[in-house]
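Note that the chains are named A, B, C, D and E in the order they appear, and that numbering of residues resets to 1 at the start of each chain.
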Amino acid sequence: MQIARVCGTVVGTHKLPSLTGVKFLLLQLVDLDGRVLPEYEVAADPVGAGIGEWVLVARGSAARQDDRSDRRPLDALVVAIIDTVSGENGRIYSKSDSY
Amino acid sequence: MQIARVCGTVVGTHKLPSLTGVKFLLLQLVDLDGRVLPEYEVAADPVGAGIGEWVLVARGSAARQDDRSDRRPLDALVVAIIDTVSGENGRIYSKSDSY
Amino acid sequence: MQIARVCGTVVGTHKLPSLTGVKFLLLQLVDLDGRVLPEYEVAADPVGAGIGEWVLVARGSAARQDDRSDRRPLDALVVAIIDTVSGENGRIYSKSDSY
Amino acid sequence: MQIARVCGTVVGTHKLPSLTGVKFLLLQLVDLDGRVLPEYEVAADPVGAGIGEWVLVARGSAARQDDRSDRRPLDALVVAIIDTVSGENGRIYSKSDSY
Amino acid sequence: MQIARVCGTVVGTHKLPSLTGVKFLLLQLVDLDGRVLPEYEVAADPVGAGIGEWVLVARGSAARQDDRSDRRPLDALVVAIIDTVSGENGRIYSKSDSY
């Protein structure tokens, strides 16, 4: 999985029927120094993440292992809201610090 | 999923039988500033997107989760026509603005 | 799918039994300006493409959606011989022009 | 698979139910000279690797071939703790040397 | 598939049970000019390739289409030992020339 920061939303009303009701978040990937990268993913979000939160995003067929995402044409899924990222030299990110 | 702009079509009459009737769009991937990238995908299009429209493209096995694309050798699929892309500092794209 | 140009062949007699009789083409990926890239794929070819032709190549599990490639350890498949690639400013490639 | 070095952990309490009890390690990918790269993976760890150890990480659907990871939305899995990496000019890494 | 040169081995005794008895080769990817790249794969090898040989490596779910690799957490598999790679201007590689 990759670490990403929720930075927006994507809306499209004309879509495949199986995507009805799916909310799409715009995620910027984050590097190991906590900086956002130009790389992004548009991911379905079954966990309810908000703008500015850090999340774990699973890509590929992993995005369809949730009951609600099975058989939907998804290749990216928010699987967790991140509380902490810890490296060898201490915290890289702590959700509580960001408020 | 990635955001892409429809920029053309690809036609091939000599192909695998399971691809008969499949329309292939040429999509240029778009970055978070709304600029088209050199990276592209040739994707099947079950939603009927037109030249210049922005779409969501799913890649990998996600491209075969549509009833019409199941068992076809596809690795990229247009899954939605985008109405709006919204970032933290406002709209990155609005379909209605582009007309 | 990506656009590629057939530039050669790969032969290996010592291989997994399921690959017996599979012909491997060497494909150079092509960018949107019609230039060949250093990136390549070795792909199985069920459509009979020839050297110099442009083809569509599907990658990942899509390469095993053909009856003949099912259960074979393939991650790249020629799925069509391209006749034309058309962009917003006209033809990028036409097979008939290349003769 | 890629070679990676365990450099931290990621914790998220708000996640998909199927991820309950899954431990996420932060892995830095390693190149053939034994240097850590900026590229990373957040992977589930069923083998119990510790900080500083080198591991093999499998990505994509391979990450769900373990009984405990089946049907979980995982795209990266620690599959082995590495003892030695040997190249043509000798050892690139030996776990016993690193203590 | 990609072309790669066998350059070493990876050994790990502490691993998932399904990987018992699987031999891991270290492969350096090769470009179209026959030069080895910094990019590598650690792949299972059911065909018995030796150091210095060129092989075809399949990645992703293709790595589990062999009876012996089914249900194992593998994302890279040696599927053939290469005899010749031929481009438009002649041989890029011939196994018999390399001895």
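As a convention for this text, a contact is a pair of C-beta atoms (placed from the backbone, for glycine too) under 8 Å apart; a residue touches a chain by one contact, two chains touch by 3 or more.
Labels paired with UniProt names: A, B, C, D, E = Carboxysome shell vertex protein CcmL.
Predicted model only: the values in this text are computed from it and were never measured.
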Checklist entry - Shared touching chains for subunit B and subunit E? => result C
Item to check | Chain copies touching (subunit B, subunit C) - same or different residues, decided at half shared | outcome: different
Item to check | Mean-CA-position distance for subunit D and subunit A (Å) | outcome: 21
Next on the checklist: Just the number, please: Cα centre separation of subunit A and subunit E in whole Å.
Outcome noted: 33
Next on the checklist: Multi-chain contacts only, two chains or more: what residues does subunit A have there?
Outcome noted: 60-61, 63
Next on the checklist: If the ring is traversed from subunit A in the direction of subunit B, what sequence of chains comes out?
Outcome noted: A, B, C, E, D
Checklist outcome for this item: Interface with subunit B, subunit C side, in the complex: residues 1-3, 31-32, 46-48, 55-56, 58-63, 65-66, 77, 79-88, 92
Checklist entry - So in the complex, which bits of subunit C are touching subunit E? => result 7-16, 18-19, 24, 26, 28, 38, 40-43, 51-52, 60-61, 63-64, 71-76
